[in-house]
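A single structure is presented below for examination.
Which chain is which? They are A, B and C, in the order written, and residues in each are numbered from 1.
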Amino acid sequence: MSIQSNNLKTESSTALPIHVQDLTKKYGEMFALDSVNLDVKSGEFLTLLGPSGSGKTTLLMAIAGFNRPDSGSIRFGDEEVILKPPHKRDVGMVFQSYALFPHMTVAENIAFPLKLRGVSAAETAERVATALKTVQLDGLGDRDIEQLSGGQKQRVALARAFVFRPRILLMDEPLSALDKKLREQMQIELKHLHEQLGVTTVYVTHDQREALTMSDRIVVINKGQLTQIGTPNDIYNHPANAFVADFIGESTMLPLTHDGSGSLYFEDNLIKTNYKTSDAKEWSLVIRPERLTVVKDGQYDPEKTIVFSGVIREFIFQGETAFAMMSVNDKYTLSFRFGTDASSWQNALKPGDLISLGLNRSDVIVIPGGREL
Amino acid sequence: MSVLNTPNPDAEDRGVEPLNEKSLRAQDVQEQRLLLSLATPAVLAVIAIVVIPVGWLFYLSFTGSDGQLSLVNYQKMIEYKSYARTFVTTFEVSILTTLICIMIGYPLAYFLAMLPERLAGFFMLAVLLPFWTSLLVRTYAWLVLLQKNGILNDFAMSIGLWDSPLKLVHNLTGTLIGMAHIMLPFLVLPLYGSMRKIQRDLMHAAANLGASPVQAFWKIYFPMSLSGMVAGSLIVFVLCLGFYVTPAVLGGGRVVMVATQITAILENQFNWGAASALGVVLLVVTMIILTIATKVFKLDAVLFGKR
Amino acid sequence: MNWLKKSASDTQLTHGDRLWLYIIATIVMLLLVIPTLIVMPMSFSDSQYLEFPPSNWSMRWYYEYFESSKWMRATVTSIQVGTLTMLLATPMGVMAAYALFVSGHRASKLLFAFLITPMIVPVILIAIGVFYSYGRVGLNNTIFGLVLAHAVLAAPLVMIVITSALRNYDLNQERVARSLGATRIKAFFVITLPQIKFSVVTSALLAFLTSFDEVIISIFVSGGSNATLTKHMFAALRDFIDPTIAAISTIMILVSTTLLLATQYISSREK
């Protein structure tokens, strides 16, 4: 969706920050939310990322008012909203199932929140038209919901959620029902729409790629607790623990040894880290498969590169990249990825080949804890 | 990089009670009360029409003719053979009706389940039409059909099936025919429902793995349709136990089931204690059967739908 | 008979192989339908004895019915009671079904089971119990008493129909409506109700029919000038075969068939 010229941003009411404090929700003995603290900055696109059952949807529903927590506080700006019913919270919401009203036309669906707010007929018509234009559905206002494709339904749900200029927009896996190609296209469109509207957006997904693509910041949730919060770059390159490293991107995790004087080693290589190494007993090295490159003897700088040598066990061509697994002395297996351009001799790798892989020391990721979660 | 879940310093100042806990709980209670109040009229009505009256009967059943608490009504039930006969008849009729329904209902449900949905919907009218028609009307129709100079006897004699009119009504035969006709939809509907849920792919897989159509049916399809069949049979059986109209009319006084006897006791002797005791036994038997069956066959989901 | 050789199932059976099934199913369906409909032509017979086919056609038994003040009064009572039952049981059942469906409370499943007990407790027991209790409070032979009892029998059907409709309905629609600014009540009436309205109508028709066709409670609880059609019919059936019953039956079949076709049409609309 190209950015439309209409001036939605200045029209819309100012975005609000969200402050979640000590939010707790228990189902029986299980914590769906375990004393969660989170500040969403005004106007930012924040993604809640986690596996199913992690509590991400519970948190979103609590912000929308559909899920009553056991205790805690949720503030929009300075206003405490935790006891407010959903219809007084003024948040736009997009559901996974779209939840479009099938007994109303596209335009009636979008006009619904405006009617409830007593907006005049003329203004309603104008704002519905603008919203339709924004989501590139000009002229489809008279259609029935059943006549729409999945992507179009998605856009209507979106238009309906922002047409009344809410201060906050919430989305619960809104793209998961779409096929891959359309989903990737919509990710970009949503990102642009967010830039255009400037509204504080909380987005829930279990798809790490989607989260990396769209977010200003990502919150990784697991077992009702926030595991890490940061920019996509932070989360990917500096995972806080094994769970984040494993959940986002591909990785190989190898245990490090602690020499007692505060230094960490992988085999003979001294591994530098910003962590205070007395904070944890165990430490691990995280290796992203795409950061490994094939090196030849004597053609690398041992000061800058850690080298692993082994035998290829598996080689899989996957289109834009190829994926291979290398066994090192039958002790551990490293997976690595590389481009498949015709010039690359690596395409010729086959099981049994002996090779060396190099990891640039600046690509080294160290995390506290071991493999087990 | 920032690791979260550091305790909020403000929270500690506030002491032990977590933020907003009381008001949130109060709100929750209020919402549940509101929802409960929506169900209140129905609850009160059931209490007025089922709980209190049946409870009263329960009390009456333990009361002798002098108004004192006694077990005399239950003792009579054990002593007099007519009661035992009534229960035997009730079970006999209920079991036979259920079996007849299974035997003719299964092929029908299977036939309907095999049809494309649209066509099945049309043929389903054959099941739904009697289902929606007053059972009094249907009982009357069978009375007319089965009587001595009725259509069935006339027809059978005209094609030489039998020579003199057979006694088809005012006996067990007539009762069973009428009951089976009335109960059949109660079996076919849940059975059809469970058959429709069986995925076609399962039959493909069975065939692919080398099962003949007959083997695939008995090894895969039939076991999967059992839940519907058991649910339907249970509904039929339990409804039969307390059935009144059809045995009273088509049985012509010769098929005395529990319900018939209850009314007879009330009409002839006006003995509330005895009638209530019979009713209580009927209820208890029904409940025991339902409880055991739902436990054994895990029928909650089939009977009441999954929550 | 080319059709017989066509493939009938996914496992290579032909229609010919399935012929036995078609024959059995046809016989069973005829056995279900014919006895239901056979009284219709017979009701137009001239004879005291019901004949098929009638030797002389006449409307005699219909005159008998329409000119009898007893039958007419009973018919009016039944329609009245049926309508009032429908008006009472439908909102009662819809409210309860909605509340129990939406509330995630542990007790809601139990409450649902309690509310459908009228379907499980043998009706004869309810009938004599209600008769006895009504005797104490003077509700026997009243329209109100009969309506209340019938509504309790009909409400579980309403609940089952509505619960299954809600199960096929995306409750997120109500949520989204609330997040867009609608109160809970408004969300129900503007968003949910329009989408389950056909089920509501179906359940209302079922409630009417439940009352209209109900025999046992009517036998005990209704009487005098408020006796129902079914009470008189049952009495007539036990004593002798009165051909007037055939005429009444025909009318009742037409009523129930109309209602059935209405619900079928409605459900096809809902999909």
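What to note about this one:
The definition used in the following text is that a residue touches a chain if its C-beta (ideal position, glycine included) is under 8 Å from a C-beta of that chain, and two chains touch if they have at least 3 such contacts.
All figures in this text were calculated on a predicted structure; none of them were measured in a lab.
Judged by touch alone, the chains other than subunit C, held in their current positions, stay linked as one piece.
Set against the Cα centre of subunit B, the chain with the most distant centre is A.
Here the chain pair with the top count of touching C-beta pairs is B-C. In whole angstrom, the spacing between the mean C-alpha positions of subunit A and subunit B is 52. Between the Cα centres of subunit B and subunit C there is a gap of 16 Å.
Taken residue by residue, subunit C touches two or more other chains at no position, since every residue touches fewer.
The touching residues of subunit B, when paired with subunit A in their complex, are 1-8, 10-11, 18-21, 23-25, 27-28, 31.
Remark: subunit B residues 32, 35-36, 38-39, 41-43, 45-46, 48-50, 52-54, 56-57, 60, 104-105, 107-108, 110-112, 114, 121, 123, 125-130, 132-145, 147, 149-151, 181, 184-185, 200, 203-204, 206-207, 213, 216, 238, 241-242, 244-245, 248-249, 258-259, 262-263, 266, 272, 275-276, 279, 282-283, 286-287, 290, 304-305, 307 touch subunit C in the complex. On the side of subunit A, the complex with subunit C involves touching residues 64-66, 85-87, 89-93, 95, 97, 99-103, 112-113, 116-117, 160-161, 164, 170.
The part of subunit C that touches subunit B in the complex is made up of residues 8-13, 17-18, 21-22, 24-25, 28-29, 31-33, 35-39, 42, 49-50, 52, 92-93, 95-96, 98-100, 102-103, 105, 108-109, 111-118, 120-126, 128-130, 132-133, 148-149, 151-152, 155, 159-160, 163-164, 167, 209, 212-213, 215-216, 230, 233-234, 237-238, 241, 245-246, 249, 252-253, 256-257, 259-260, 264. Residues of subunit A that touch subunit B in their complex: 21-22, 24, 34-38, 68-73, 80, 82-83, 219, 225-230, 234, 238, 240.
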